[in-house]
Amino acid sequence: MTVKQLLHLDPQRCDGCGDCVTACAALGHPARLRVRSSAANPGANGALACCRHCERPLCAAVCPTACLQVGSNGVVLPRPERCVGCRLCLVACPLGGMVFDAQGKAGKCDLCLELGRRGHPPACVASCAKGALQLVDLGNQSALQRRALAEHRGAHLKHHLGGGPSRAGGA
Amino acid sequence: MREEIMMAAGETMLLIDQSRCVGCHACETACKMENNVPPGPRWMEVVEHESVDAAGDVALSFLPLNCRHCADAPCIAVCPTQALARDGLGLVRLERERCIGCGECLFVCPFGAPQFGEDRLMQKCHGCRERRARNLPTACAQYCPSGALRCATPRELSHLVRTSRAALGAARAD
Amino acid sequence: MQTPEVWSRHTELVLMWGCNASAAGIHQEIGYLYDAMERGARLIVVDPIVTAVASKAHLHLRPRPSTDAALALGMINHIVSRNLHDQDYLERHTQGFSQLMEEAGQWTLERTREVTGVPEGLIAQAAEEYATHRSLLECGYGHQRYTNGHRTQQAISALAAVCGHMGQPGAHCNFMEVGAAYTGFLNSARVQNPPGADIKKTRLISISHFGPALRAAQDPPIKGIIKWRGSLITQQPDARGMIEAVKGLDFLVSIDQFLTDDTDWSDLVLPACTIFEQWGVHPSYRHQYLQLQVPVLEPQHESMPDIDFWAELARRMGYEAYFPREWTGLDWLRLLLPDDFPLEQAMHPHGPVRLPERFCPPVPNWDGNFQTPSGKIELYSGVYAERAQRFPGEWDPVPRYVPSAESPDGDPERAARYPLLVVSQHPATRTHSQFGNLPYIQEIEGPATAMLHPDDAAARGIAEHDRIRIYNDRADSHVLAHLTRKVLPGTVELDSGRWIKTGGNVNLLIHPRAAGPRDVGDGVMAEYDMQLDGHTIPYFNLLVEVEKA
Amino acid sequence: MRHVVLGAGPAGLAALASIRRADPSARITLVSGEPGPPYARMALPYYLSGELSGRLLYPHPASWYRSPGVELRFGDPAEELDLPRREVLLAGGDRLRFDRLLIATGSRPQLREAPGIHLPQVHTLWTLADARRLRRKAAGAQEVVIWGAGMVAFLAAKALLAPGRRVHFVCRAEHLLRRALDREAAALLEQVLEEAGAVLHRGVNLAEIRPGPGKRCRVLLTDGRELPSDLVLVALGVLPNLDWLGDAPLARRQGLLVDGSLETSASGVFAAGDVAEVPDCITGEPVVPALWSVAVDQGRVAGLNMAGHRLSCDPALRANTIVFHRYVVATLGCPLLQDGTVVHRQLDRARRTYRCLVLSRGRLVGAILAGDVTAAGYLRTLLRRGVRVADPDEVWEAVP
Amino acid sequence: MRRFSAEEIRDLVVREVPPAGISLARTPLPTKTTWEDRTVEVDRVVKTACSRNCYDTCGILAYVKDGRLLKVEGDPDHPINRGTLCVKGYTYPQRVHSPDRVQHPLLRTGERGEGKFRRVSWEEAFDWICERLHALRERWGSEAFMEYLYSGNREFLGKQVSGRFLALFGASKLVGSF
């Protein structure tokens, strides 16, 4: 099974500096992600407007010319020659993933596949000094959250049957 | 620590009693067997946590983590396709045909409940809707050997907690 | 064995010794333990590892592995010094208390702490609490898996006797019943030795010393084995030696459900039925209920029920007379069970049934009588004294702490080269080598991992999840490191039961030796007494060094 | 299970994909009245303008349709529905038996009688054949008259506006796209169109078309003016393709009435796309949205339900884009609702951007974005959810 | 510690422990169960037992549908496991129907240790064993043969039946604590 990866923005760490947006735009296309300032946005990933590379992408479903396709690696990519600029994908995507260039052609995050092939992280991730933007895979993310929660709860464990290990000791 | 969750508008709720859990993982395989869940996604996962106090003593805690069917569920709020909704029993219901696999729910769920399997769409604990509609305990509760997971009406659970406290109190007074 | 329905209702304190109740026998131990604790019973756990059940305890004593006998003797000495022992019980139902105290009297709290590493205050508190409550001593196998394991059990049992915590509801010393107690009512002889057959006594091969025995057996050597219901290569110590021994066979037949380490070395592999595809009978070795196993499914694929296989092989080898073709498992079952056994009561849709009290009384030894020559608890045992003559160094009439082989105390020279002692838990997710191949289990277990104390790891430059090599002069095993204070400094935990071909097997590293109570020599024997000779493999006598791979 | 899907537009193709996924053993016949493989009608203006090559009009390669159990009947439209026998009669004479039927026959251009409407200079733009014909005819055309000012007219204009060519809109209303846009948004769009060579004739209608001079014709307007024209396009809107159903007992008003699962009044017969009348997401009123995105969604849900699922289709949320060259307008929900609404407008003439939020009883009911439509997807979600909005500024702040 | 008298113990045992030799089944066996969040009728529910090397020896209710083990539950009437199984027990359906099971007799074709086999019939397998047993007895005597079994399945009947054959054959005998 290919592990699904996507960008995650940790709003606790993001200070809205915009380095990620600059780094993305520096690749020679309009920035393919946008970030709200963390103060205005308490929601987890909602601060990030970027493609989530959905398994059943709404953008691709609505595209009249089948310009948008899910690749075998799970990354949703446009075929620019097919794009007529109708923006139906932009309206359909609830996550702000679609970005149009000056020519009116659809563009979107490709997780920096080319950089990935050379072993580098996506430009936005590399640019984030706060470690707020990360490329995560869904399975690991779930496990991480669960461990973090257990850590949070573990410190407060009391044993109603008697009070936990009051004393322990050994070599 | 007792934690009350999964208030079902119908009849029963699930009590997760962390003080009884020994991390045996039986609920995990029971859940997978009951729901024929393929390897990979873990609707229920028991996580162990180790902490060390100032004296160097080690304490372990075990936390069974499934979907808590939160009353104010963040996953419902962020799901862009309304694939998640509250059903008549009060459970957070996933309509898989609406799921587009965007992963939004995972990032807002504090329990890591959303799981992604071979088809890369979300799946999770459904709260044993059918069992609870028939007033049966959830599979994890029915099959838990340590009594850490219990599914009953709030009245029954409250009685259970009170009687065990009373017994403990009586024993200590001896 | 006092049955849990009784002890859980009456005990005031459970002293769980060498027993990871959260992983093994979880229903008896955890379920009934919580029943007792809900009633207010206290829990004291003795285990070098912080197991889940230890984390639930009021007191947790963590002796250095294999020093448990010293701990028990120290507790006895402290109890007697505080006059908390049961003089009346000792006088009426035991013998040899003074000889016991000659030994135990040397175990001051200070000396006990020095040997075991358990703080003196904790030893004293545990001893006092144990002595002054209606206390159940629940023993597991952990402390027995050393060459001194029989001595340790001897000492722990003495602790219960000194306090008079025997034969009373809620107060007893529970440890594993060896076979005979719960299977004694079955007509094994009637099945194994058919009347009229010419059956000769043959030589005996020790299962606990199987590898050496295979190599040592002469006149004739062992040349053919049919292997079933066990893992010869995964689960015996010194897997390499075992493989060498197997190479000398003319043939090895494996009856297995999966392609295991064993089948790789087999000449013929036969498909085994699971428990859902055949008849059987299940006496427990700890609880007192008997169950029958009935075929639930047709044999899957071409698998064959075990009984059918042996009967068919026997018929083809010329023993048709003793294996009637028309007999099903049920007929064999009738032959095995006593004629007056209520078969219908124990079988689907009925059952289970309690065994008759004469085989397993719910409150054993309630009358203060014991199955010893004197009828008393022999704190000084004449039988042991006699065996101490025959097997010097293996036995003592009174419990003593003797350092176990291949441990820091028992073999300092080796410990200088391989300073870490391996404790090999049985994880909840496996029974020995079984279940680990199933996807549901694999996703819970993850890759093979060893627990290392952070101090030991730091000294070796090992970080969490580093790939490490655990080795000694016999072999090595590659696993991931998990840094945790659940293990004591100087010890490594590596679960038992990982397959060699999928990595992380611990038995590769273990020296093949049998743990007392008797020296089994090369494993080829003429006589064997289950009660006195019962010996096991000291799986935890293992010193290693660890490095980053 | 035998499925027959009538129509190979967005709804029909989405249904085909869904049925195939949900029931790999299904037998599916896809019927299309048009010859040749299914193409994207939405993209015809781009083909006509030359922006898109003809081969890219086809969303799927031939191999996409080729799968076990799928049969294609192109150029053979359905002519009759025999409900009692559960058969569809095709024009070619074949009868197709079905267990589940999807009617997704789409719509056709609305025509209106007027003197001269049958002259050779008069065309419609709806099918690929239309587009091919127009491509030839438009080659040398300098003056084009479009009768109508709705979405179809706009699309035609978009295809035909080119340097050296004037395109006249005959527009009965005060402004273009009266059903979709408010005055402010329309004005911005009109400005862009006018700069590209469009001429708007507001508040008038077409009275007559007269032949000549030469290859040209003359369009007479109701105010008496006369427009010489190389080409006349009739673009007065569309009607659901339901005539073929004759008096088949299927409940209908403007379109076929369907329940939440998109099943019509006849069991096992579903409808999706431009023929289905469904409740509007905002008003709850029955509508025939005739929108691409709605058709895709309905096709998907209808297909799954045909294959045995029990999904309910969301009420139609009207969301559309109007693109002229690089200028984009998006309309969402019901921005033209009048009763009890509060409208918040922000217009920046210099940058030619405009955005408006329409609230009703504290909830967002519609929005129009012009010039910058970045927020469209986000607003669409707010509309779908019926989110309460206390302060419109909050909405704009929340847009990432 | 106050000691219970013999009479008290006798009374308490009668109260707290079921009588010997009488079926403890009280709960009627179900005819349906839940699976994949729906209620399903099963073909039968069979009461059986777990045989692993574990002293709980749990009572099992096995649910069978269409010839497959659909799921397993603990026997609610079993005084020890009281209706539950363990992490391993609940994987039995996966184990029984695992695609990795040895499905038919396999005869080695490669070198020992390589794990290469070819499928053979049971007939061929029995002939193969018998031929070697005869040759072994001829060449080395019957004590050159033995079984190896340990605690992989602690079911008690099977090893009595193998024991009958091994005793008749005169094989070396495996002893120790199992």
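Going by the order they are written in, the chains are A, B, C, D and E; count residues from 1 in each one.
The criterion applied here is as follows: contacts are C-beta pairs under 8 Å (C-beta built on N, C-alpha and C of every residue); 3 or more make two chains touch, one makes a residue touch a chain.
Please read all numbers here as calculations on a predicted model, not as lab measurements.
The innermost chain, defined by the distance from its C-alpha mean to the mean of all protein C-alpha atoms, is B. If you compare C-E with A-D, the chain pair joined by more contacting C-beta pairs is C-E.
Distance from the centre of chain C peaks at D, each centre being the average of the chain's Cα atoms. For the pair chain A and chain B, the distance between C-alpha centroids works out to 27 Å.
Distance from the chain B centre to the chain E centre is 33 Å, each centre being the mean of its Cα atoms. Inter-chain spacing, taken between the CA centroids of chain B and chain D, is 47 Å.
Averaging C-alpha coordinates per chain places the centre of chain A 51 Å away from that of chain C. Residue positions of chain C touching 2 or more other chains, listed in rising order: 26-27, 31, 34, 38, 50, 55-56, 428-429, 439-441, 444. Within chain E, the positions touching two or more other chains are listed as 74, 81, 84, 86-88, 90-91, 94. Each of the following residues of chain D touches two or more other chains: 381. Partner chain A is touched in their complex by these residues of chain B: 1-2, 17-20, 40, 42, 45, 47-51, 57-61, 63, 65, 74, 77-78, 80-81, 99-104, 106-121, 164-165, 168.
Residue ranges on chain A touching chain B, taken from their complex, read 1, 4, 6, 8, 43-46, 52, 54-58, 74, 94-95, 138-139, 141-147, 149-151, 153-161, 164-165, 167-169.
Residue ranges of chain E in contact with chain B, taken from their complex: 34-39, 71-74, 81, 83-91, 93-94. Touching chain B in their complex are the following residues of chain D: 304, 309, 311, 314, 381, 384-385. For chain B in complex with chain E, the residues that touch the partner chain are 24-26, 28-30, 32-36, 126, 128-131, 134, 136, 139, 142-145.
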